[in-house]
Every structure is written in C-alpha cells, then in structure tokens.
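Each of the two complexes below includes chain A, the first together with chain B, the second together with chain C.
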Partner chain A sequence: MTTMDRLVGAGVDRIDGPAKVRGTAPYAYEQDPGEPIAHLAVVQSTVNRGRISRLDPSRAEALPGVLAVLTPANAPRLGKGLASDLPVLQSLDVHYQGQVVAAVVAETSEIAKAAVGAIAVGYDAEPPDVALSPDREDLYAPEKLMAGFATDSIIGDVDGALAAAVVSIDATYETPTQHHNPIEMHTSMARWDGDSLTLWDADQGPHNIVNDLVTGFGLDAGQVRVISPYVGGAFGSKAFTHPNQMLAAMAARVVGRTVVYELTRQQMFSLVGHRTPTIQRLRLGADPEGRLTAISHEVVEHTARIAEFAEQTATPTRVLYAAPHRRTTHRLARLDVPPPTIMRAPGETPGMFALESAMDELAVVLGLDPVELRIRNEPERDPERDLPWSTRNLVECLRTGAERFGWAGRDLRPGVRTEGRWLVGTGVASATYPTRRRKAQCRISVDGAGRYVVEIDGSDIGTGAWTALTQIAADALGTDMASVELRIGDSRLPFAGGAGGSTGLASWGTAIVFTARDLRKQLDEQHGGQPPAGGLSVDGELPGESPHAKTHSMHAYGAHFVEVRVDRDSGEVRVPRATSVYDAGTIVNAKTARSQLLGGFSMGVSMALHEGSVTDERYGHYVNHDLAEYHVATNADIGEIDISWLDVDDQLANPIGLKGIGEIGITGAAAAVANAYWHATRLRIRDLPITPDKYFRELGES
Partner chain B sequence: MRITTTVNGTEHEVDDVWAGESLLYVLRERMGLPGSKNACEQGECGSCTVYLDGEPVCACLVAAGQAIGREVTTVEGLATEGELHPVQEAFVEAGAVQCGFCTPGLLVAAHDLLERVPDPSDLEIREALAGNLCRCTGYEKILDAVRLAAARQARP
Partner chain C sequence: MREFRYERAADPAAAVALLAAAPDGAFLGGGTNLVDLMKLGVATPDVLVDVRELTSREVADLPDGGLRIGAGVPNADLAADRRVRERFPVLAQALLAGASGQLRNRATTGGNLLQRTRCGYFTDVTKPCNKRSPGSGCGALEGVHRNHAILGQTIAGSDDPATCVTTHPSDMAVAMVALDAVVRVLGPDGEREIPIAELHRLPGSDPSRDTTLRHGELVTAIDVPALGMPSRYRKVRDRASFAFALVSVAAALDVRDGVVRDVRLALGGVAHKPWRASAAEYVLRGMPATEASFAAAVESELEAATPLRDNAFKVPMARNVVVRTLLDLAGRDTERELA
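For the complex of A and B:
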C-alpha cells in the first residue's frame, strides 16, 4: 500500500451528500436557465423498418400552448457526419421502433404530451427483423470490437485439443437485452444566446457531448457549453450523445427560448441504448487434473441497422485462465433494433456469465472444487498477449473469499441440502475488468491564502468522484480537503473524457496528481514554497495510457461467493448472503468505493434473477418497457453482502495505484448466482434471467 | 382550478391548475419544490414519495386536486431550521447516497418507517423500503442508514 497519502484510503463522507439529502442538488431538469422554459415531447415510430407515408401535424399545431411541431419536413437541417441515430428528424426513413418521427414544443410538458397524441402518422412498413439466432445466415464479423479489441483471437489448434481432451464441456449460454434504467431519466435543457448554445444535461461527461453538437449545429467548440454537475445514475446510457441532446438544441433554436426534454421512463427503452443480447457457445477441454487444454468462446450478438456496436463479450476469456489452445470469436446480426450501447462492464458482464458458468460445469464433470479448478488454471502471464501482469491477485481473492464465506468443507453434490421448503446451494465465480486510463487535462490555481481551485471536466454520476477527487487533490497538494475547491461537470473546464470504463479516477486523478506536482515544483523553485500574493495557476496534462500498458497486462480481479435458496414448490429464488473480495488496487475512498462495489454486485444479482427486455418478434417492440415489468432488484430482493478488498496497489497503472471500481463488481456475479442455483437444485439454467418458470421448465426436462 | 395546500408547514396557493396535473407536477413545476423526483410517473419507483396528511404516497399518483386543504411534507421539509433530520444525517454518514435521485423518496419512506416502528428488524426495513427502487447502492448501505438512524433516535 502506498504511503504517499493521508486522505486517500479514508472513508470520507461524500461532499455532495448534504445537498442530495436536502433535495437541493440541481439535476439537469432543475437548472435555472434564467428565462421561462418550453417543454418538448416526442412522437415515436410504431414500426421497426419502413418509411413515413403520412404525418399530419395540423391538429397538434392548433392546440393552445403549442409553440412548434418539428417533423422531417420542417426540422432544421443538421450537419453531415453525425453517427447512429443522432440525425434526428432528417429523413422519412425509419430504422427502429421508437425512433423519433416528430417533436412538439409547448408551454408545459402536459400540453406537449397531449399534442403528441394529436399527431397521426402513417408508415409504409416491412415486417420487423428482430430475432437473434446463431443460425442466421447474415451473421458477420465486424472489423473490430468496441474499445479497439480484435474481433477474433486464435492460438494453437483448438478443435484438435478439444477432440483430444479427456474431459470437456460444450454448452451455450444466453443473456437477454438489458436496459440501464438509471433512476434519473435522460434530460437535456438547451438555451441559445445568438449562436452560442448552453446545454444543461444528464450525461457521463460534458466533453463527450460537445462534439456532436458542434457537428450537428455547425458551431465552433467555443460556442457550445455542456453543464452536468449532478447526474442521477447512468451505467453507460449517458456516456454518449443520444437524440435528446440534439432535439432540445434544435427545438430551442426554432422557438427562440429555452427548451427542456425529459424522457419518459418508457422512452428509456428505445432512445438511449441497451445491452445487446448474447448467445455464447463455450467449449472447454481439460486433463483429468483439471488443467485446461483448450478454451473456445464464440459469441453471437446484435447491432442496429444504422450503427455498428460490437460488444467485446469474449474478451475476459482472453485473460482469465491458462490454456495452450484458445479461441474467441464475435459475430453480429444487423437487426431492426435501436442502437445498442455500453452498459456497465460491456463485454465482461455477459461474457463472464458464460465463461464462469462453463468453468463451474467443468468442475462438476471433474468432481473438483470449483475454487480449486480456477486456482489450477492461474496463468503466470497474460495467456494471449504473452505479457507479465502489472499485478494480479485472483488466487488470493478466491482464497480470502472462501475463508470469509465459509466455503471449506462444501459438499460438491447438488440438490442435497434443504431447509424446510428451501433448496440451498452455494456457488463461486471470478471477476475481472481491464485497468486503463485516458487523456485528461487539469488546471490548479492557488491564491495568496493557500486556497486551491482544481478544475477538470470530470463527472460524478453517483460514483463518489466529487469526494474522491478532492481527497486525491488534497493529498497531492499537501493540504486538507477544506482548502480544495473542486470544479467538475462543465465543458468549459479543462478537457477530460467521461465517466466510463472504470477510468475516471485513474484518468482525472492522475491528471490532478501530475498538475499538483508541477504547481508545487513552481512554488518551491520560484516562490520559496509559499503561494505568491497574486496567486498562481498551472495547467497540466495526462497524455493517456500508462507507459507500462504496452509491456504489462493490467486488470482488476475479484471473487464472488453466493448462497442461493430456491423454493421447491414455487421456484422462487433468494440470495440471502454473498461475499466478494476484490483486487482493485488502491481504494481512494473506503465509503464510496464500498458502495460502488456493492452496487455493481447487486446489479449482477439483478441481472441473474430479474432483468431482461422481452422483444415481441411479431411487432418488434420491447413488451416490458417500464419499471413495472422490467424488474430490477428491490431492497427486499437483496440479502447480506460482505464486501472487502485486498490491501494492494498497482503502481504501474497510475501513481495513485488504483485499478477502477465501477464495473468489477458486476462481472461474474450472475454466474456465481447461477452456479449456486445449480448446487441448490441440480438444474443448470443457461439463459438469464433465472425466473421461477424456468425451474419448472427444467424440472420437466430433467 | 385553484389549489391551496400546506406544504412543509407553509400554505401554498396556485391558480390555473389543470385537473389532470399530479401532486408531483404541482410541487415541482408550480411550487418550486424540486426535491421530490420524477422517475417513472406511474408509482413504481418511489422517488416522488411525500407525506399526504401523514401518509406516505407516490406524489405522481395523487391528483393535485386531492391535496386541496391537506398537509404535504416533502424531503425539503424533513430538516428543521437548517439542521438535517437524523435520517438524512444517517444516509450521508452510512454511504446510502450515491447518485441521489432515489434519495428524497427513500428518506420520506425511511422517516415514515421509523415513526411507526422505532426499532425495525432488517426484514421490516427491507419490506418497508421495497417500493423505493435504487439502481446505485445495492441497498446494503440504505439498511445501515436506517439502523443508524433508529439507534440514534432510541438514545435518550
């Protein structure tokens, strides 16, 4: 553990906490633009593919309080070069159900929504093509996956090794479409002053949004300001620009005053992205002692007609276990669906469900403790990149977790423990997520009294960044938190990428550390160590990836241990307790970090038992598009969760030694639940979520 | 329609309210009280939970006209004279607040639970707060916060 610090590591209360519990923290909708606000509501396509044949806005236009109706016929033309579904209202073509085909601007949101109902739209439509299958003939290999990962990786003779393996498994796992559903709906409020645009927005990083507005409205970067100090959750859906930002800006320009667009909960299912469904075939071969000889992980997933999004689902399989022969592949089907996007640990979350379920199935065939199976396949180096690890403590996570959970002496046999009506079982799975960092710039100013202002366009979407960055800055400046004023969430601040990929603290925090070093050096060398009366301001930059990223493989790790109880009469599933142990490097704020890890793991339990957007293959829509029917875990669904972390750091990753915590918690969590479910019931559910009906489906088959 | 309602101890009067407006809409849009959050508009998430004559309700499901002549307490009314209520303090201290969007509704629901059941069991807490969805915390620290607030209120 690094000893550079006093505040890093402490469980400081979040500095945004008091405003949030008073209800006074201003989210995007609650910002004051300084003038009366007009409201926007949208008409959405009811077909998945086709062309608008009729669109009559006249009844809506005639309603009192309606300021404008925007349609493809009259909407301002947006600049060329916008990707995906950002060219809103630019064409009569329809590419997915829910696409915005008209927008109403009115004095109140109630009037706008009423006017939406007065707009009749006709379509020349073709039947929706929305069913994902590994047998489709139009599956294709994308050029690259998200984040620049290679589409396929092949080492050795996988098929030969599988054929020769003494022990093997071959199973297919499915994960459904999932929707992020942050509690705050996406909201954008736009105000124009001449040719300058201000957008108060719910996003994961203002700089992520600026470029699309620049392109769409033909502006200079200096003419656009995006502000988002408080964001009510995101999980990936708010990482990139969606139609809401474009619509608010477009409408504000048309009506000449501030316009706000707050999505409805139902619109969150079509306009701001989703996690692709996956179909994953896992084949593992091993020797009688459980040492893997071959790993094959073949992924089929979907993307949209108008945008390619290739989720990196099998990438964790490239790093987690040793095996001489290995293969990962990704194939896509282009369907009439809204554009998918990143959702908490894109790739690792569905991919680890399949890999870690398959490892459990292999342990069963071998008659081996699944913890021991994982330990036996611990690789000395990154098995595909052939690089040393920066730090890797997966085995210690497994051993520590087993001890905390009380794993020792576990009976390997499934379906033999009952307590009353409950069938009881336990399961384990590993967790992993890449450690990265990105370019970021920072400005630190100090006044004559020694008060610091730290400016960087970071983002706090609920993670704790407000607090953790202040801790990092105070340590780096050799002062206390009260002497540091942090400014984030505004594109006028020095550049930084958004919150995503668990890179926030690694990127923004490192930029702050570098800039603080420069400032202190200047103070020491030019001002005798004291701030000059007129103050001093220093700009600094973190260029990007760690210089060690090319020579070392960098990842966070973890191990989940879960108890599952299944009601033998109703199939109801409970998760009364779980233990997770993480190797996430330096923990900056013990309090906010614990919450992030708890939240990630719980979202994994939610994925395992509840979440799935159901596609109607006849009519092409998501049937359960609200929180009544898209179930997320409630308080009563979650049991005791014991979270801890190893006292380690990773100095090759960044000077703070952290690895990122936003996503590691969800990876592997669903597999741990499914594995425990098998141990409780003898039933292996390979298609999430594990709902009670599947208990009876499997009983019927077994 | 004219709405006269006592909110957080102060009488509010607003005119020209359309009969279809919800209490949540009137609180947020007409009374300048944005603490109660809109996150589903159909009573599923609990983010808009307020007291109506002492009963916790989803303000999105209450027609504004139903609040005429009655008393409403929102998250903005939990603190007294600027001092955080023990439930609010406990949420900050326990780490039960993350993005903060579910927090106002959860605070009212937790406040109500502790009014009715000063020393709730874990099961009682989980059931009482099961109507308030949180996507960030995994609920564990919300339990801690309610336990902490209960312990503090029990102290003489």
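For the complex of A and C:
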C-alpha cells in the first residue's frame, strides 16, 4: 500500500456521531429560518390515469389558519424543461396514483392536514394499467439504460450454444417493487429572500437539486442555495429532485414565508420513487465440467408513462463469468405508476438475484459445488468489453469466505439437515458492483496556525463519508484529524456530484487528495513548507473518470455465505449466520465501512425475505404503504454476520485505491439466501420475497 | 384529520357519561391504534375521553387463583407480571409476540382488546371497505388478502354491503379467549360482564361492528379465571418480530396418563375474531395425547375453512402449528408442572 495511509484504514468514530446521538444535529425539518414556519400538506390523486374534472378548494381556503391552497388552476407556472413528475400542479392530467393535485399551506401542520380533508376532487379516470408481464405487446427497448449502459449486448450465437449445451438451465425470476423507506422522511424547507431561494433539504447531494430549482423558478444558479449537511438515510430516493422540493419552494413564494413540507410515511410510497419490479429469464449452457458456453439474461421491467427510467438489471451478467456466447436484453413496459428511480445498487440488486440463483441451479444440475462452479468460470478479462481488469479478486473472496464460513465438506444434497423442527441449509453467491468516479471540485484553506478547512459539496447520508473524507484529507495534508474541518452538504461549496453509485469517496476523496497535493506543493515551493501568516487557499478539481477507465474494467467484488433455517411446520425463515468477504479496494474507515457492508447485506436479507410493495391491479395502488405492512428486516431477523475484506487496493481506479462500499454489500445477498433456502428445503423460490406462504405453495399444499 | 376535543374525567362513571353524550366520541387508551387511525382519517371522533389513567393499572388476585387485570394495565407490565408468567404463560407469550417494546409500553389492556383490523383497504380511506364505510363494498375479497381470514368470513361479492373477510389483529385477545376471560364493562346502564368469546363478533351482515360493545361502554377490567394446565402461545409471522400474525395458536392442555383430560385452543389470524376451536377441543377430550389425535382434531376444526384466492396456505399452516404446539404441551407433565 501507499505511504499515505496513516489515518486511512483506521476505525475512527463518526465525527457527527455525538451530535446525532444527542439530538443536536439539525435535520432539514429542524432548521430555524428565523421566522415562523408555515406547513404544507398535499392532496394526492386517487386514480392512476385521467384528468381532474372537479376540484373545489373553497372549504379549505375558508378554514382559519389556512394561508393558501395551490391547485393546477392557481399555482405559479414553472419553467419549461422540468422532467418527469417535477412540473407539479401544472396540469389537470393525472399520470399515477398519489400525484399531487393540490397543496395546502397553513400555520400548522395540523391545520394543513385538516384542510386537505376539506378538498373534494373528482376525476375523469381510465382504468389503471399497472400489471407487468413478459407477454405485454407494448414492451419496448429503451435507447439506453441508466448510467449510460447499452440496452442489449449480444456476443456469439447464444441460441445455438444453448441448444448444443450438454447441461443447461432455463428459469424465470421475479423481484417485486420496492420502496427505499429511509428513516428520515423526505423534507424540504424553503425560504425566499427577494429572488433568492434557500432550501434546507434532505437529499443526497445539494448540487443535484439546484438545477431543477433553477429551471423551475427561472433563476440563476447563484440565486439558489440548497443545504443538507445531515440526512437520515436515503438509498437513492433522495438522489434526485422530487415534487417535494418544487412544492416547498413554490408555496414559500406564494405565501411569502418559510414553508416546510415533510412527507408522511404513506407518501413515501408514491412521491419519491421506487425500485422497478423485474421479470428475468436466465438461460445458462455449460459443458459437463461446468464451464459456461452460453449466458442469456433477458429482463422485463417497468417505467412510468411520464418518465423513462431503464434499470440496468442485466449489466452484472456482462462482467461476472466467462462464456463465449452471451446475451443481455432489457425491455420496458410504460405503466401508470409513479416514476421509478435508483435504489441501492440499481441493476445489480435485482439482476444478481437472478444470475446468482441461476448459477446455483446450474451447480445443482451439474452436481458441482457452487463455489467451484464460479471459480471454473472466472474470466481472465472483461468478457464483453475485452479489457483487462484493474484488479479482480472474486476467486479469493470465494475462497476466503468458504474458509471463514466453514464451507468445506458441505453436503450438496438439499433437504437433509434438520435441527429440531428446523430445516437447515447453506448457500453462496457472488457480489459485484462497478467502480467509478465523477467530477468534483474542492477548496482547501489553511490559516497561519496550520488549521485546515476543506470545502466540498459532498454528502453524508449516514454512510460515514464525513468522517472518512476527513481521514483522507488529514492524510493528504499530512496532519491530524483535529486540524481539519470538513464542510459538506451545501450547494455554495465547491461542486460535487451526489452520494450515489458508490462514487462518493472515490470522487470527493480524490478531489481532496488532488487539491491537498496542490496546496502542499504551493506551501513547499512558495512558503518554505510553512503556512503563511495570512493563510492560503487552493481550489482543485477532479475532472471525472479515471484515465484508466477506458482501458481497464473496474469493479468491486464479494462473496456471501449464508446459513438459512426454515421451520418445517410454518415455513418461517431465519438467517442465523452469514459470512461476507469483499474486494472493495482500500477501506478508508474500518468501522463505518463495516457498518455500510453490514447494512447492505442486511438490506439484501430483507429483500430476500420481506420487502415488496404489493399492487392492487384493480385500483392501481400499493396496498401495504406503511412500515407496519411493508416489512423491512428487524434486528431479530439479522443473525451473526461476519464481515471482512481483502487487503487490496486499486491504484488504477483512484489514488486512494478504493472501490466504493455503499452498494456492493446488497448485491448477491438475496440470491445467497434463496440458494440456502433451497439447500434447506429442496424448494426453489424464484419470486421474492420468500414469505412463509410460498413454502406451502411450493409443497403443493395451498 | 378531523379536529377533536380532548377530555379527562374524574372517574370511570364520569367518562362513561361524557361519551354517552357524544355519539361520535371515543375512549382513548394508549392511542397506539386510535391515533394512527385518526391521522389516516379512518377514525373521526369529535371527542376523545382519555381513560388511560382512569382505568385501573393494577393486576389483582382473584380468590380462585385467577387475576383481575385493570383495563389501563400496559401490555408490557402485564407481560412482565410474575403471576401472569407463572400461571398463564400463554398470555405473557401472546403479549410479547405483539407489536414492539415501545408500543407495548404505551398500549393498554383495554385498547389492545379493541384494536381494529389491519386490512389495507380499511386503513385507506380512498378505497372501498364495508367496515370503515358501510355499503362501499369490500376491497379485499378480490384484492390483496394474503393475510385475511379463512374462517367465518361473510363472502357475498365485492359490492355486497355484508362482505368482510378480514381478521382481528390482537395476539393478546387470542390468549384471553383460550383462557375463558370475562370482560368487565361499565356503561350508561351500569356494569355488565361479557364472556370474552361473546365480545368479538363475526362480520355477519354488519362488518362495521367489531364487537358487541355498545357505544359508551367502558372496559374496566378483564378477569382471567384459574387455568390449572400448562399453556403456550405460538405465532407465525412474516418476520421474526414486529409483524401481525399470519396464524397464531393459544393452547392449554391437560394430559393425564397419556389421555387428554382438558384442552383449550384458540386461533389468531384466521377470522374476524379470535377463533375458539371448540370443534377441535370437543374431539380431543378423552383422546390419547398423540400426534394423530391432534391432527384429527385440528382438521375437524379446519374443515369449515373457506380460504380466499391467496390465503389457502393458512390452512396447512394452522394445522401444522396447532399439532406442534399441542405436541410440545403434551410432552410436559401437567401434575409436575403445577406442583
């Protein structure tokens, strides 16, 4: 490793921890704008498709304490160029259930909510079209996928190779709609000073939000300031602008006062995005030794009628295993649903469930250890881009994980181990996630006493980035953490992209390293290595992708080993223990990284066993739209999880050598659970989540 | 959410009088169910009469070895009560299987008994529901009903005002039904006692009514008579904690010399009320305490099941967990346990 890692790697406590634990860290809702705050509440459409035919605000307007009722009839016009569901209250047309059709601003949130109940809305509605199916005739191929990936990839003669394969499997897997549900509800507090807008907001990157406000309200970038240093979880729902930011800003302008809008938990199921459901057909062909000859991964998923979001579900299949003949495709159905969005490892999370389940099924047909099957298909180069890897240690993750978990000697037969009434099994799956970085700017200032201020519009959504960046900065500046004050979460700070795509530390951290190098160089060359009495300030920039990104394929990897127990009377599932080993390059903070990887894996268990937004196709809504009914894994569902990482780094990716850890933990996790479930029960459940009712369905008892 | 008045009363009689004068009013216990429903617009009381501090928070011994549980006793306190844990493990276990620690601290015995269904159409005022809005139809019958009832529903078509296929969500109430508890009530016309099996009702032709209580009747206490046999509660749910029952079983079994002398069996998650499995009990008394008799008994109970499109799994699930729970209880020696 490089010489700079004095603090990098250490398990430093979160610098924002004490303030959060004491409740003194102000989240968006808790900001003090210096004047009484007005509250906003919304009326949401009860139909998925149609037009508002009647909307009478007069009873609500007459209620004492109501400041304004905004409707499509009177809402200020927003600028052209807003996409998706951001042109809020600009038209009578309804595109999804839960769309905001009116908003009340009142002195208190109670009054606002009471007034919402006094607004009657009528619709000319058409029946909702919300059912995803691979048989729909209107499936279409998007021009490209999220993050710029190609829609399809076809190499060789897949159908011929499948037909000729000695061993093959052909199976269809389904993942449901999921909702992010961070603990902190999306919240936006807006205040206008003349034509300048300040928005305290729960988001994953203030700069991401600024542009839409500029477009919507016809402002210059300098007239908008978005502030969000503390964010209570996000998972992708807070990456982009949603109707809440537009509404708060619009309402504040109308009433001439600070307005706050905090979503209710129920509204989190319609206004801030979701993960698309997927239907994925996997076909694998192999020779008798288990070497893949063909891989085909065909994805059907949905998007909204008003916005195209094409999740890159089959992209992990393009890199994970070697095979001469290969095909990945994505087809979309445009439905009357709210716009889907990114959710922790978009693409890899649903895609790896299908691919890694299919690999397990293939291992079963071959009678081969599923770890060995994966090792036999390790590609020397990126199998589709035909490039060398920057670094790739998947095999070592599998071997190390097998060792730590106690995999050796595992009986391949399913349904033969019991402990009391529990059926016991074990399963494995790989993990992978792309390594990328993005443009970021940074300013570092030093005063005469050698105290540094590092400014960058990065974002800590609970990940520990604030702390890890401070470690990176301290090392890069050759100082200790106490001498570095890091400022993040404010669009007035130098530009940075949001927290997403596991690019945060790679982008912001690299910008900090570059800027720090500049500063030190200037100090050395012009000031004899000492900060001048009047201080010094340096602006720096990371232009974007690694120069090696075009010549090397860069990814993080991992392997999950899971034990599953299934109650043979009830079909209840438990995951008492798991081992995950990662190749994620340099680990910057051993403590917060472990939490990230643990959280990612737990979210994968949650996906495997619990999560799913259930649609009523007649009424077109998500029936279980609260946390009592949308089940997320509880503490009691998560057993002993052994997290570790290989001592590796990736210098081609960035000078810190890190690959990003926000998403790798969830990828593959659900497949490992489902594979272990099969090993415990002989039952292969291909549609998540694996709830107890499916046990009886597979047994043919219901 | 509708604006409401909040009232406290000097004593239970005054609380009853307050509510008698307020046809749209409601008693407030811990508020963990009622306040949620008010926020959703499902419950729209104009007056809340807070009875949490008014009803007894005591658990008192009854002469026969039973207990009188004040309606104000928090779920957490009741579950922790040494007498409850020793004499009525089924009740302590049922309480601990419900909700979360925070909710159990806040929730009261009276409120738990009278909590309302979790049906997703009931809790969403934009969808049809005969229970919430009589005559609007039943959204669940042909909708999302994986966790709905398999017994005693009223199935007369989605648009029929009588249709309701939901379940009662309380775990505690299932145990209380198995224990033959008696609900003590104070109403405008004075006190009365209601055997708990007669408190909750099936939807019949009026799904809007969960219970046989009349408006303004205050639950003051629940009497649990002595049991005299080992008991336990088994709950099956979608996750390990903090989820309502798919199926639950409250059972007590008295086996002497390998023969079932007495048995109590109630099922949760299967009907509009806690389901006393009287048919199974009848079949079992006097039978050898074997897996075969347990299976035969529960099957006789479940013969009446009329599962919906997506909840037929509850039949084998209920059968399995009843048999397993009875086997667990049979493996224990009543006389030694009670000695």
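Throughout what follows, the second predicted complex is superposed on the first by the 700 of 702 C-alpha atoms of A that agree within 3 Å, B and C clash if a C-alpha of one lies under 4 Å from a C-alpha of the other, contacts with A are read in each partner's own complex, and residues count from 1 in each chain.
FYI, contacts are C-beta pairs under 8 Å (C-beta built on N, C-alpha and C of every residue); 3 or more make two chains touch, one makes a residue touch a chain.
Note that the structure is predicted; figures quoted are calculated from it, not measured.
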| item | value |
| --- | --- |
| Which superposed partner A:N624 touches (first chain B, second chain C, both, neither) | second |
| Contact breadth on chain A, by residue count: chain C or chain B | B |
| Touched partner set for A:L609, first chain B, second chain C, both or neither | second |
| Contacts of A:R191 with chain B and chain C, given as first, second, both or neither | neither |
| Partner chain in contact with A:H297 - chain B first, chain C second, else both or neither | neither |
| Chain B versus chain C as contact partner of A:F696, first or second or both or neither | second |
| Touched partner set for A:E110, first chain B, second chain C, both or neither | both |
| Partner chain(s) touched by A:N635 [first = chain B, second = chain C, both, neither] | both |
| Chain B/chain C common contact set on chain A | 110, 626, 628, 633-637 |
| Chain B residues within the chain A interface of the complex | 18, 20-21, 25, 29, 33-42, 44-45, 47, 74-76, 79, 84, 88-89, 91-93, 95, 97-104, 107, 125-127, 129-143 |
| Parts of chain C lying in touch with chain A, wherever the complex brings them together | 1-3, 39-41, 118, 120-121, 123-124, 126-127, 139, 142-144, 146, 236-244, 246-247, 307, 310-317, 320-321, 323-324 |
| Touching residues on chain A, where the partner in the complex is chain C | 46, 110, 113-114, 117, 266, 421, 568-572, 574, 609-610, 614, 616, 618-619, 621, 623-626, 628-629, 631, 633-637, 691-693, 695-697, 699, 701-702 |
| Chain A - residues contacting chain B, complex | 11, 13-14, 16-18, 20-27, 29-30, 108-110, 181-185, 230-235, 262, 264-265, 461-464, 591-592, 594-596, 598-603, 626-628, 632-638, 640-641 |
